[in-house]
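Notes follow once the structure below has been shown.
Chain lettering (A, B, C, D and E) follows the sequence in which the chains are written, and residue indices restart at 1 in each chain.
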Amino acid sequence: MAIEFKPSPSLPPPSNAVGAVAWVRKNFFSSPLNIFLTVFSFYILYLLVPPTVEWAFLDATWSGENKDACTAGGACWAFIVAYFDQFMYGLYPQTEYWRINLAAILLALLIGMYAIKAINKLILSIAVLIVYPVVAYFLFAGGILGLEVVETSLWGGLFLTTLLGVVGIVASLPLGVVLALGRRSNMPIVKSVCVVFIETVRAVPLITILFMASVMIPLFLPDGLNFNKLLRVLIGITLFSAAYMAEVIRGGLQAIPKGQYEAADAMGLTYWQSMLLVILPQALKLVIPGIVNTFIGLFKDTTLVYIVGMFDLLGRIQSATHDGDWLGTTTEGYAFAGFIYWAICFGMSRYSMAVERKLDTGHKRN
Amino acid sequence: ATLDDVKAKGFIQCGVSTGVPGFSNADSTGKWSGIDVDACRAVSAAIFGDADKVKYTPLSAKERFTALQSGEIDILSRNTTWTYTRDASLGLDFTTTNFYDGQGFMVRKDLGVEKAMELDGATVCTEQGTTTELNMADFFRKHSMDYVPVVVQKADEALSAYASGRCDVYTTDKSGLAAHRSKLSDPSAHMILPETISKEPLGPVVRHGDNQWKDIVTWTLFVQINAEEMGISSENVAKIKAESTDPGIRRLVGAEGKMGEALGLGSDWAYNIIAEVGNYGEVFERNVGPDTRVGLPRGVNNLWTEGGVLYAPPVR
Amino acid sequence: MSEKTTTNTSFFNDAGNRALLFQVVLLTAVVAIGYYLFHNLQANLQNQGISTGFAFLNEPAGFPILIHLIEYTEAGTYGRAFLVALINTMLISFIGIVLATIIGVIMGLARLSQNWLVARLATVYIETLRNIPLLLQMFFWYFAVLAALPHPRDSIIFGDFFLNKRGIYSPNPIFQDGFGVVIFGFLACVVAAIALIVWAKKRQTRTGVWFPAYWTSCGIIVFGTIACYFLAGAPVTFDLPEASRFNVKGGMVLVPEFVAVLVALSTYTGAFIAEIVRAGILSVSWGQTEAARSLGMRDSITQRLIVLPQALRVIIPPLTSQYLNLAKNSSLGAAIAYPELVAVVMGTTLNQTGQAIETIGLCMLVYGSLSLSISFFMNWYNKKMSLVER
Amino acid sequence: MTDRNMALAQLEPGEDAIIEFKDVNKWYGEFHVLKNIDFSIKKGERIVVCGPSGSGKSTMTRCINRLEEHQKGHILVDGIEMNDNLKNIEAIRKDVGMVFQHFNLFPHLTILENLTLAPIWVRKTPKKEAEEMAMHYLERVKIANQALKYPGQLSGGQQQRVAIARGLCMKPRIMLFDEPTSALDPEMIKEVLDVMIQLADEGMTMVCVTHEMGFAKTVADRVVFMDAGEIVEANTPHEFFDNPQHDRTQLFLSQILNH
Amino acid sequence: MTDRNMALAQLEPGEDAIIEFKDVNKWYGEFHVLKNIDFSIKKGERIVVCGPSGSGKSTMTRCINRLEEHQKGHILVDGIEMNDNLKNIEAIRKDVGMVFQHFNLFPHLTILENLTLAPIWVRKTPKKEAEEMAMHYLERVKIANQALKYPGQLSGGQQQRVAIARGLCMKPRIMLFDEPTSALDPEMIKEVLDVMIQLADEGMTMVCVTHEMGFAKTVADRVVFMDAGEIVEANTPHEFFDNPQHDRTQLFLSQILNH
């Protein structure tokens, strides 16, 4: 007596509901405002894209001895080609470029090794964080094993930019952790020292800190005691981003439920054990996006060393555009610099998203 | 004392500009050259017998004094004008003048300006933190002319701003003008106006309070001037040392007496300066002379005997 | 009872003592280092005969400043120059914050737009500007744009407006006698408009009848002021810009340095603000919008009464840090001749007087208090917002 | 298939229908979520919609006040066709109240403000009047004493009752409930159902997606069973529970009753 | 009050007491949360603590392993006084296991790592040994097969059992339970109580804050009833339930039993 139920077949949607036409209608022409926005956007694209493509590709000149070779009316990429080595390595002696390349390859290899399961991550980390910097320093500076000494004042270009960025990043993280823990400490003096440091540093522009580092530190040191300008600038950058890092990490620490601290205490772990084994691994994972944002900010901020007379990528480009042979290539220089910074920063932020996703599936599954 | 420090570390830290052709400029391999650079090299030759024991710190105008005060550098050799305030209150000592300069103006030829007095209402580009900034202000105030100052952080950018048409006029020391003009894409389209609106004695600067160091730097230059006067050059100095009988020359090149000792230097200090770096004339011709891209005439920077103002006290 | 109460503890095992000891050590170290640095500084200053103190602030400065909102000539003192620079910094920060907020809100909304093209364009804008150093962007806006503009002789002219490498020139109003009447009229219109809004609100509460008070009051202010202006006999004349030998003379001018710094700061910070706005709006669940819709509320009202108040809670704290960043980043203007604090004080003044400690201290003090007051204001606003909510 | 729809259609004379679905079809992208829905609801009728998860119950209900668009067919509410016309949509939404499973109260407003917001801004009721009315409805759902609290300070059952009162404040002629009790514990479910039964007794047109079969039996005029985007069966509760026509319905009921 | 404390004291000879509270007082700021707690627990005793919410049960328990500090009086655990001495605190915490209401498992570590963390770092047990022991306890609570999962992947009851196993892995002589079952559903409550009963049978000293009166009746040696920061009554379960001395206790019991 029961009627048998057969679901009716699913039909394809009417053509005005799906497919390209529907998509276009829904996205571009669904309301008068939308139509206006579409037209307006197309107008902007029309204004921007064709001239840019023409300038950057169609009419561009890719090789030549000086500005006079660039007659096509488009970008004068010949300038970038001619100065490419300087943009990458600064004034580092040409015959010694291999040292920088070698260090870069080493680093890439080491980082790549993280993907291999069989390798102990702790040992690898020690290699990356302690052994590698020493090796890299001697590679760059020379002075042992018959390597020619290369003054830090010759270091420049993307090499210097990367160096400043990487060292700043690696050094500011642990310092930030310590500051963040200090700020959450219940010892009043420790806490206030950290608070004062963090807030002071965050309140002033990086330029003033770099200026202090580059020319004023010696005033505070006894006669004759002095150390390398690059090192001082590095310290300045590190302190600056450590203050920001500390605030990011503090956010993560605050997000860890009190129960986790109590459980660790109840198990008899000491303060440092419970921080290192229980709290920090969770807190740092929580704030990966914030940490990466700080990294990206730091990387972009390295351009300010140009103001205190160091020639990073931007500095090298800026001074190359003053070369009489290449005058009037400012736009090309900036476009090139912009592209490099953009690629690195954008890459970093995408990579962090990927890492986050990976850690996510690994640990929390509720 | 600075000399001991320098000897201990084995090199001189020399503060130079971030790039003025002929005065201090790094080529694409990072090698520095110019009159200001040679000043440091000469001191290095005097102390170490080797002109290349110098390390350079490029400084913008606004960093330079602090860098010297703080001990970041040993000599500031970076077209710095000797003025009363700077000498008296900055904690600095000007040694002596190695280039007599004066501030001038550069304009585009097609502007049709012939004299500085025609600049009423012009926009003027210059570098931040220099006497140029003050002289410019004084000049326009004195002649009650209007102007728009565009003061850029670095000389290079100031020149860029001028080149891109932000300003009608670029002002700095005349030597600098010539050097900078050489950097422009079409130097001949620009002209340097005839007026000199200030006195700009340029020379190396050292920290206040270390007289020995100041003397070394001062006398290094005097040696070079005296050498030119006596006709000693890097080419013939070895021969002269061996052959000359003139006691003045013999004292200078260290063939007789121990002139270097009073400064804490070896007796061949002056010999080394001349051999390694050359006499003043050589330095000038090599870096900014008429045959170089900068192309400056000797002018007032000639020996007193030749109608210039270079007059060095005798070495005796 | 108490025979076994205290097992003897070594001094160092006591938690309180340990903390105390550690803190004493830290404090001693901080004080010692501080003293050491200060001592060295004094010795160094003394050795080199560098003068100290703030007396230089009363001495004549002798250098010109491109942009000064208050009266300033080369004969002014360093103190006056400092003030001029301070005002320039605050000016650029304030206008920059306003512009960046507007750009950020528009771009944030655009990125959420239903229009695919608009959303993509906004994304490209945000991802590009966020990932390129600000200094580079400043150079770009200054030099590349400067290069694209015409020479003063070939100025682009719209009526009394000129556009060229030297800036944007516009007529400069000069107020004659009787302008007071106009100001008075304007104030009266504002009062009337406020009264109208209050009345409309009251009536609406009472009767439910609506009155488009906001538009009407805008009209009252605009037209009322214009009417007063003509009634008072148009008491403003304009100093019109005109081409002269080198430049355009007279009028009011927006110099390229100011424009470049402003554009760079506000577009750069705007990109960050856009992301903050977007995240804030997305944090309000779609259910809220649906609920409002099912109550018959129009989308504009829904946005205003439901979504925005909730989004603001999420938006304000990160927005504060962006404002702080903008204020601090204005110091990069020094690199392209915008005469702000770092350029005038840490640049020229420091160079003429050689007093590094004092000038840099002054700068840090100013930025410190600027930052403090921005975060103070934003915290106050945040608190006010959250009080209304909870 | 057609005859099944015919059978359903026969049940409705359609003259005094307040909600009419005419051959409504809806797609999410390629996914055919509502198939030929042809159904109408009379004024004052109380409809309970049930069916397995994902069968399109929520979607159908949300089409009534156009929180979702349909792509084919016609939906008439109170004689007004639901289409892109914004005026129509606004007019309908004033007349149709909706209570969501997750309440969707406005957390930044007090209970009272939650209730008066729409009357003041949409119906242009004077504030005082709106507040009086709000208090009236709050009393009806027995939480008048909570009027000045914020939603976050109330229990789930209380929040749900506020949501109902909010819907009622617009004096709608039709109320839609989308699983209004599934997020609540048994005690709270009872509270909420009591309020709904009371409303039903007052003759309001109600469409209620729920699996509370007790409620369906007590209150519903008709029970609609959906599966795979179709109305499989629509009948009086009596017929529906005791004598289901389709094997699909039987299967579904057997699962529910065994649970 | 004094005679009540006397009465309690009489119950304890105090010689082989493993936990002793001597006139303990504690304040949170101005708020007097524990008042003259004077009480001791013998080795191997199983104590159930109950009382209304906010009466200080958790606080008292947490004083035992000094997750909270007391301001007056003395607490002796195993003869060691709880004071600022870090060595003492560390020593005590090794001997006292604690199971929290909300488990507080470490979400970034696997179950096995959660269990071996403290043995390895605090007791310096070799890793292999620690793992063997961990597996042993996991078997005891019947979830050995979950050892390599993360806490987020387990159900509430399973998590709670991991928490217990984690406490046991330190081989404590005293276990503290703070409402270990209140976040669980009845089925899971049973699972957890079974494990606890088993532990109790093995003679471990246990202090358990709970309102599971069934558990109290089966397992407890004494039931302690607290209100407003004081111990109102402490007695054998038999006496406590059948013959409560104080009217406060009677009131409380009547509520629980009626529920």
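Note that in this section a residue touches a chain if its C-beta (ideal position, glycine included) is under 8 Å from a C-beta of that chain, and two chains touch if they have at least 3 such contacts.
These numbers come from a predicted model, not from an experiment.
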{"item": "Number of hops, chain B to chain D, where each hop joins two touching chains", "value": "2"}
{"item": "Furthest chain, CA centroid comparison against chain D", "value": "B"}
{"item": "Superposition rotation for chain D onto chain E, Cα-based, multiple of 5°", "value": "165"}
{"item": "Chain nearest the overall Cα centroid", "value": "A"}
{"item": "Between the pairs B-C and A-E, the one where more C-beta pairs touch", "value": "B-C"}
{"item": "Whole-Å separation of chain centres (CA-atom averages), chain B against chain C", "value": "43"}
{"item": "Chain centre separation (chain A, chain E; CA means) in Å", "value": "50"}
{"item": "Approximate Å spacing (C-alpha centroids) for the pair chain A, chain D", "value": "53"}
{"item": "Averaged-CA centre spacing for the pair chain B and chain A, given as whole angstrom", "value": "41"}
{"item": "Multi-partner residues of chain B (at least 2 other chains)", "value": "66, 69-71, 153, 157, 160, 164"}
{"item": "Numbers and ranges of chain A residues touching at least 2 other chains", "value": "211, 215-216, 219, 221, 223, 307, 318, 328, 330"}
{"item": "Touching residues on chain A, where the partner in the complex is chain E", "value": "257, 259-260, 262-270, 273, 277-278, 281-282, 285, 363-366"}
{"item": "Of all residues in chain C, those that touch chain D in their complex", "value": "204-210, 285, 287-288, 290-298, 301, 305-306, 309-310, 313, 388-390"}
{"item": "Touching residues (chain side chain C, partner chain B) in the complex", "value": "44-45, 47-51, 62-66, 74-75, 142-143, 146-147, 151, 165-166, 244-247, 249, 255-257, 334-337, 339, 343, 346-348, 350-354, 356"}
{"item": "In the complex with chain C, residue positions of chain D that touch it", "value": "65, 67, 90, 93-94, 96-98, 100, 102, 104-108, 117-118, 120-129, 150, 152, 166-167, 170, 176"}
{"item": "Residues of chain A touching chain C in the complex", "value": "23, 26-28, 30, 34, 37-38, 41-42, 44-45, 187-190, 193, 200, 202-208, 211-212, 215-216, 219-223, 296, 300-304, 306-307, 314, 318, 328, 330-331, 334, 337-338, 341-342, 345-346, 349"}
